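Okay, so here's the structure we're looking at.
Per-chain residue numbering starts at 1, and chain names A, B, C and D are given in the order in which the chains are listed.
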């Protein structure tokens, strides 16, 4: 059994990695770390692990030393040093933070306020969206796992962009996310009595997923893509639904578009293109690594609406990270990820 | 005290009218009707009225006979006959249904599948959005109260359209509504275990508010306005938030746009234009007749994003209906509607 | 207009006091204070007050100086010094905290870990549950407003205790409260993703409302009453529902008990004794100062079950405080409190 | 692979059986049935099964004919005929309804309003709570799977009753359940806008789980046990938490009680006795077959409070049914049921 470790194990994404990896038959969680909870059992922090695992939070260095594959689930800005250490030890890093997502240092500085620390590591890392660049991922050892919103949007638009079917100057991405996306850190915005029975956008025009989405979409289209992106906070625990508005280059036949999507994704285990008439909803992908996509026209028939939905904690974070690990290790891509959504 | 009556009193909108009118100091609820519950006390149907009112559901004819102003809160298709009767009796009808919202019979038939029954009544009726056409409303006795989604969108766009500041060929309206908007009728979509922890769009390209929105926006702009409208169902009870995307005709200065909105709405009791930097949220308007509007630019600065939020049951239905009644009766527009949102 | 002030205005209870007092026709809010937000507008902290009030947070001394009636909505341990100052200035204090609720200093020390600071003030203060001791309240100037859980339980049991109808050695009080009861302070327990879709008891055997409930019930019964009290946290914003189990002294006739309750509360504006067969629910009292009570037998007919429900923020805090103020000032008890619950 | 079938596959419990059995490595779902949806794919009814299974609803007879083990998830009153047919075919029936839960025909008639149809089948059936009577279950072919509330209460009290430590004349069981417990059938009580932000008890003194609980507790205690049971409906999807109040026979040492529970359940895979000081909560068992139990004293130390929590759809229905199947088939009891609760 291959040994994997998790740095930042006590955040929501770290805990989800533990939960999913406990059911992975080819790897074993050898070590986990947490700065805030070093020395404590994970089952005393997350009671759902009571009776399930005895893992104790160690420090980062121990995790890197003991494991072959290291997952880092940390706030941005903390992964570069880890990557340097992992790299020296010739191990594999799957980074769920933002440090290696942007290729352009200028953009990184603009949106994150700091420069690249180890430029060479950035060159040898890859933004790993399996459905887009699976083959290239295999050759890398520093993996930038995509953000949650970007995953939903990039998968939703990929077939159109690869086939140059839409205008690229202003794709509207109106996204809505459950509360786990905001993490375990206490904020007034995530205080129960504030978020419950409430709904609103945030970070309009300033959310750090914007450059990531534009970079990946441009990479897919092989041309500059411009978006408008508005994230909203939903009073639910999990799930992202992105409603994407774009304008076709020429007259649209929705059945052809639908066929294109079905063909494009026909070998993908985690992508469901719904039948025409059906509408994607968060419930049907919750607790899975799936992305459900439905396709629609506006009432005049001159605008395309794509609805793309994922579980932000799984396909939008921990699940996709495991999918990327499976790819790198040459395992079956669905290993540990054959999850069926609950009916309710 | 003027006598008012409510036809369709046992639906959510009817019950909300009762609740609000009980606190109105210039009118008294003289009679209510319900087909399903004729003869029953409203307080046995809605327990929140226990000890508050002894109103008993009668039939429509009695309501019309006894009252000076009649509110109709019915599914579409049932108000025309009522209007005919109200008109004959020379009384006032405020219709919260869709029967009198569309001026164009062709459009009405296209979206609602039926023709106008009494064409003359349609001519003498008015689509009554006070902030748009307050003066004209005063002269009418058949009032089409705007739909909930349309209200949020029309108020959000009015200052831009009146000043010809944006392109009219495709305004994107991404709207989200709480569950009361779907009414009290039982459906799987509104079954608790189905909607809770879920989120998705519905009626894409086919929602009947589309022609209403386009008609009103075109009326405001005095030019044809085309929209793409996608409604979504939120797992909350009340509130609508519309995120509206439009493209300025010329370079945008957000401060000027903000000033324009503030000036435009400065005498309006129910419209709050938030300060730049603030973002409208459902919580702040819940249980009020207010519409809160916030203004934003996308990250490139070339796209405008307007966030407009109302309580779908109040400014989106019962509250606006009372506002319209106040206007017609020459009362203070805020009478019975000085509602302060709860903090939680 | 009498001048009232609120110390601790930026907590949930303080904000609810503002909201309710803004609609009170006989008093005006002259000043508010907050340690954390001194100098800030309340409408910048609670956006629902935007456009409604321009009140600015001052300091405590200013509030006491400017106002005739002072409400204190503070964590326990902070009200005694305020009471001393209010007393010296011969004004009225309505304390929504716990400092003056327990008469017995030994009990206070046992549960709160500190002694009385000003013993004489405790003697001249009163635990003010209007339905129990309305007449006495009028003579006092330091008012201990009851806790939220205690209010629901005391009102639920009063008619039985006054008539010596039940055993007093172990009344089971199983109470459930919405999240606002835990306040605005950030805790993991109130973090959205933790509380949502969750439910559990807390403070079993140790909640500080226990001695308060036992003291008041014993005072009502004029004999020692022993309870077992378990509070639970509900994933809703507002409302408390207490399910109370007690054993009759003799054979029970539920119709007689029901008649007893109806007679006992027949002159009370805020207490609704539901008809036999109906069951009290939180929804029907939310956003009101009401307490709804329903009466039941267990399946053997030998045990009484009382369901008592209030809005924890209103009858359980701000509303009852205003009711107490009305009593002291000789105003109509319902002034500012004629609130109708929403249907949803 | 053994063939299993599900009759009543389109209710919530039936669908949960499908979801769980799809991950069972020793059995395969051979057929499912539904009266309402005969001929339809399950994935068109529950979209979460899209791309996961092609099962089509057949009729009952086909399910019985094709399968070795038949699960029936039907409203009460429909299982006896199925049992007769299964019995004739010498197959195994695991009934998730109430038809075989009560041994006493008089009680059955009192609570369900009908007599036993096949008395001999009742004699050869067993009420199957594995932690109570695992060995006996193995010898039976008609299995009455316990109800959801009863499971939580029986597991919570078993160690006390087996050791005669508490008074049996009136154990108070205050239970709270999520909305899935009410099923998929549309009712006003489960309408989103009615249940959301609401909470109340129902079926006080009349819920049909009462005789089941008293029968099983009496069977465990080998003496008549009397309870008072009050179920409440929680605004969450899943989970039951029962707060159980009982009085010890003699002075209580909570540490000894705790040790007793730990010892009693030490070999049980699905029962977690929490450490003293911890409190059971629904979140920690959601989506698992576990029952978490925490033990508490009231503030006087003379009353025991047991908090017992399960997922009503799993340990309270589908999971326990699979556990019972595993027992009968001689499989590992945890097969298909190694589920880890999500952190949120």
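Please note the rule applied: a residue touches a chain if its C-beta (ideal position, glycine included) is under 8 Å from a C-beta of that chain, and two chains touch if they have at least 3 such contacts.
Computed from a prediction, not measured in an experiment: that's the story for all the values here.
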Given subunit C and subunit D, the chains that contact each of them: A, B
Pair sharing more residue contacts (C-beta pairs) when A-C is set against A-D: A-D
Chain centre separation (subunit A, subunit C; CA means) in Å: 46
Distance between the centres, which are taken as Cα means, of subunit B and subunit A, whole angstrom: 39
Rounded Å distance between subunit A and subunit D, as computed from the means of their C-alpha atoms: 37
Shared-contact residues (touching 2 or more other chains) in subunit A: 12, 180, 193, 196-197, 235-238, 281, 283, 344
Touching residues (chain side subunit A, partner subunit B) in the complex: 170, 172, 174, 176, 193-194, 196-202, 204-206, 210, 226, 228-230, 232, 234-239, 241, 243, 245, 247, 279-283, 286, 296-300, 302-303, 305, 307, 309, 344
Of all residues in subunit D, those that touch subunit A in their complex: 12, 15-16, 19, 22-23, 46-52, 180, 197, 237-238, 272, 274, 278, 281, 283-284, 287, 290, 292, 338, 340-344
Of subunit D, residues touching subunit B in the complex: 12, 178-180, 184, 186-188, 190-193, 195-197, 235-237
